[in-house]
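Naming follows writing order (A, B, C and D), and every chain is counted from residue 1.
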Amino acid sequence: MEKITCKKCKKTINENDFYQNLKVCPKCGFHDIMNARERILSTADMGSFVEFAENITSVDFLNFYDLKSYNERLSEAKQKSGLNEAIITGEATIKGIRTSICVMDFNFMGGSMGSVVGEKIKIAVENSISKKIPLIIFTASGGARMQEGIISLMQMAKTVSCINRLKENNIPYFCVITHPTTGGVSASFATIADIIITEPGALFCFAGPRVVEQTIKKEIPQDFGLAQRNLKNGQVDIIAQRKEINEVLALLLSLFTGQIPKEENKI
Amino acid sequence: MEKITCKKCKKTINENDFYQNLKVCPKCGFHDIMNARERILSTADMGSFVEFAENITSVDFLNFYDLKSYNERLSEAKQKSGLNEAIITGEATIKGIRTSICVMDFNFMGGSMGSVVGEKIKIAVENSISKKIPLIIFTASGGARMQEGIISLMQMAKTVSCINRLKENNIPYFCVITHPTTGGVSASFATIADIIITEPGALFCFAGPRVVEQTIKKEIPQDFGLAQRNLKNGQVDIIAQRKEINEVLALLLSLFTGQIPKEENKI
Amino acid sequence: MEVDKIKNLPKSFLKDSLKSIFKIEKLKRITGFTGVHFNDAEKKLAQKIENYRHVEREALKTWRIVQLSRDEKRPHTPDYINGIFEDFIQLSGDRLGMDDKSIITGLGRLDGRTVAVIGHNKGKDIKERVEFNFGSSMPQGYRKAMRIMEIAQRFGFPVITFIDTPGAYPALEAEDSGQAGAIAKSICTMFSLTVPTITVLIGEGGSGGALALAIGNYVMMLENSTYSVISPEGCASILWRDSSVARLASRALKLTSRDLFKLGVIDKIIYEPAGGAHNNPERMIRIVRSYLKNTLKKFCSSKDFDFKKHRAQKYEAMGFVNLTDRQKV
Amino acid sequence: MEVDKIKNLPKSFLKDSLKSIFKIEKLKRITGFTGVHFNDAEKKLAQKIENYRHVEREALKTWRIVQLSRDEKRPHTPDYINGIFEDFIQLSGDRLGMDDKSIITGLGRLDGRTVAVIGHNKGKDIKERVEFNFGSSMPQGYRKAMRIMEIAQRFGFPVITFIDTPGAYPALEAEDSGQAGAIAKSICTMFSLTVPTITVLIGEGGSGGALALAIGNYVMMLENSTYSVISPEGCASILWRDSSVARLASRALKLTSRDLFKLGVIDKIIYEPAGGAHNNPERMIRIVRSYLKNTLKKFCSSKDFDFKKHRAQKYEAMGFVNLTDRQKV
């Protein structure tokens, strides 16, 4: 059996146990980052996920380059993540209840939000409005995609506008915060969800810990931006272990839609 | 010329100066309590005030007595204040702009809110809704009128419901906080005004200083519940000296109604 | 002791009058046996003391209810939530800076219908009680409640509230973050809802802190719960200037379920198992569940009923005034 | 230095390349005078360095605008308010626990019409600037702004915002009271308004802290103001891992009024008096006043225009994507 080392407690664990435990260390409970496909697999009913607009891709419209050009970074990100962008968008059932679902992937340029993320969230929102089904978004993002300059900032406006329309249509919207969710994503669609669920250990804040430390010129508390502190500060509704998230989402979907979850659809 | 002593700075001042200065000490700026008729006189255009429901009076429906019976206290209060109840309600113009106006009077049983205060606020609200004119309330109250038991608590619900209807009709509602405004009045119609103006030195809080001191078991700050602290804590919009209040109200009436104030109506 | 002052119940009246009663009883017996008669002042005094004894008996009865309503062994909001709702999920936070645990909020199912649930939480042990300020809420608690009310409004969930608080928390930080405004806004939010609201007073209904969550289309009150504009102790200390006469104040305030029903402030008294809810919590919870279920069913089947207007009319009609002179405006 | 890596602009590229430029210039002259020729790699390098010089010139130009946009002598929100609106009355407080003075809110009159005014306030002297966090707002500031937006909405007042902030305040207490949510909710509130909204970027338009108040039906930008997803310094430090190349970052980010107009993010560039707004603040304010007046007049005369829908459509159309493969859903 393959052995791996937990990134947090450094203990040796069986790779199988680790993956069967949804990438959570069975010894210390550390929630390792899940990629978008893994998340879909662990959340949606088996075979129920239909992806939308998977081939929509980013354009280097500013001819942006820093140490690398934007195009180069995009190619690298595609290779690293196996995705076309930092978000997967589609529709699925969770315990038989239909929902639109978006999952961000931190492996794609740090889950940064550019035009494609904005557009794909819009597509998901419109799907929810037209079919009157809830929306679930799993966030994981370092913030806006600087390589798209001001247009990445405008994605905050764009996504909030979409969610605002969703809300006016009384469509339920749940957000699951995964590690890390900061900057432009936390300051736009993530924080205006009807219900906010967070994984333990997920950093969820606007300004990152280092920036804050530089501003206040002293050490920040160890739990800065973490789930327990966010709960205490009234910023999230529920802290859910990864293995509970499917249950929690099914329950919320059920309460908000009045549909009864079906157990047989569980993976 | 009559001489009086300022209640705060203890300096000797001419009575005439004191009254011409709207009962504000010309030496230290102390705002003495104004009774309801004085307030109407200093706020409304000369001769413009029409009182509503002045003869509506309280009933001792609980047969309440403590050291004195409720009926005795009511008689004493009528004598002391020259009013039938702790509030005057009517309609007036301020610089020519029509408005409903209510003024509470601390001399009538500490400005406590019982059924009559609730009913007279309802009358003012309905006047504003039917005529589409703003509502101004000057508060001064120790809270609910205990002698009416639970029914005095229900006046909080009653007045808030009225203000809620006023708001749904998009009628402007301004509240002027005068010393003191606490308890049931501060926790009902006073704090849900569109604009909250406070006189300097006015105590404006929910629980009084002594109660808070007993709870937290240490001395409370000197400025507890006072205008500057309330401004800093985001609880009020504007601190206005008594002599500015007429101007401020006229300006607000003008901005909210689009009517232009007429100077000739000034007293 | 002068007759005319008796009705004013001076500070040490209780003790003095008990002594007097003893004397008068003696006098009466003397009368009966000896034919000795008393003058008018003496008779008036005797009558007043009789009245006072009645007052005192009533006060004691009321005071026992006050004590029952505060009993830590009574079932509390979490017990009702666990026993009444299926699939309850607790929601947290005001999104502004705090999760005030002295108010529990969440969604659950009753009889197959999704409802929003809000209730004061006094805490189950001393640790929790200290943490939750013994059920006295911060403004942030009411702001959390309003957030859940808004969710209920948007998704059409009826709102069920459980009231059990000594009153809003009178602390400096509570005042600084706008206690008065939070209560007022919570009341206002409840009036703005178009969904039905149902309130159950399960223990202490303390003043504005209780009212903030208690604007119900239907308000039920457990037999031994109380609902008052001020605590008897507070009232005694302000009006009598003597907190030791809290019993007298409790009677005067008319704060029991029977009083409130008579006054039209509540719609229903829910009777408790013999001796009080704490004697059979399971049964108490089952009884409350059944009333909630029936009320909910009735409300949910009356689709065209204007719950918002109903609340406004109901609460705006409350009050007793001498209307003979009321001018029409 | 290897040709292939130049485009990646390594950490010390600026210094290195300036040295190289010197060498290449020499080489060129040598070519001209001596007929000595260079190989392809050398030619490519020369060309890249030429390009780089162009980049560096552009970066300098942009950087000057960045500096101008931050100039303390530029007119700030209070100057515009004083110079533009009659009968301005400042309103304070979020009603939740704070009045954040880094955002000014109030009502005033422009051309006889009542408008709601919201703007960042950097402070006029060092004392104020420290007190107002140099125009970096706390969540409470945005909550105050939302309160005034709601008043505007209820009474039909158009909303005019002035943007001038380095960004939202990145402090612990700001995070603890929900900075991210406050910004998101402020944006959301602006989208929910049915009254017209007009935004003027007058100085620094720093990231989410600027955007929170900048959802305009009509967005105007002073010639030398900036609007950016991140400060050039922050961008340089993250992407180049070297905050000293902020100038390069400022160019790359496309944060000037001209860039933003080309990108369709703003509707209008307002040109400044020669040398910048600070050279003639009175004139600058008069110019802004005139544009605001005209825009307001236009908006107020188009009664049937759906300002809310317009904002949604405008901002939801922003973005550049490769749509060839977009599936229909």
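General remarks:
Everything that follows uses one rule, which is that a contact is a pair of C-beta atoms (placed from the backbone, for glycine too) under 8 Å apart; a residue touches a chain by one contact, two chains touch by 3 or more.
Note that the coordinates shown come from a computational prediction; the quantities given were computed from them, not determined experimentally.
The minimal number of chain-to-chain contact steps leading from chain A to chain C is 1.
Computed from the mean C-alpha positions, the centre of chain A lies at a distance of 28 Å from the centre of chain D.
With centres defined as mean CA coordinates, chain D is found 55 Å away from chain C. Centroids built from CA atoms put chain D at 45 Å from chain B. In chain A, the residues touching two or more other chains are 191, 233-235.
The multi-chain contact residues of chain D, meaning those touching 2 or more other chains, are 95-97, 176-178, 181, 185. Chain-to-chain contact here is organised irregularly, matching neither a line nor a ring nor a star, and falling short of all pairs touching. Remark: the chains found to touch one another pair up as A-C, A-D, B-C, B-D, C-D. Interface residues of chain C facing chain B in the complex, by the touch rule stated above, are 7-10, 168-172, 174-181, 183-185, 187-188, 191-192, 207-208, 211-212, 215, 227-230, 235, 238-241, 248-249, 252-255, 259-260, 263, 265, 311-312, 315-316, 318-323, 325-327, 329.
Listing the residues of chain A that touch chain C in their complex gives 167, 170, 172, 191, 194-195, 231-238, 248, 251-252, 254-256, 258.
Contact residues of chain B toward chain C in the complex are 52-59, 61-62, 64-69, 114-116, 118-119, 122-123, 126-127, 144, 146, 148-158, 160-165, 168, 183-184, 186-192, 204-207, 211-212, 215-216, 220-221, 224-225, 229, 233-235. The touching residues of chain C, counted against chain D in their complex, run 95-97, 139, 143, 176-178, 181, 185. Of all residues in chain D, only 87, 89-100, 107-109, 114, 140, 144, 151, 154-156 touch chain B in the complex they form.
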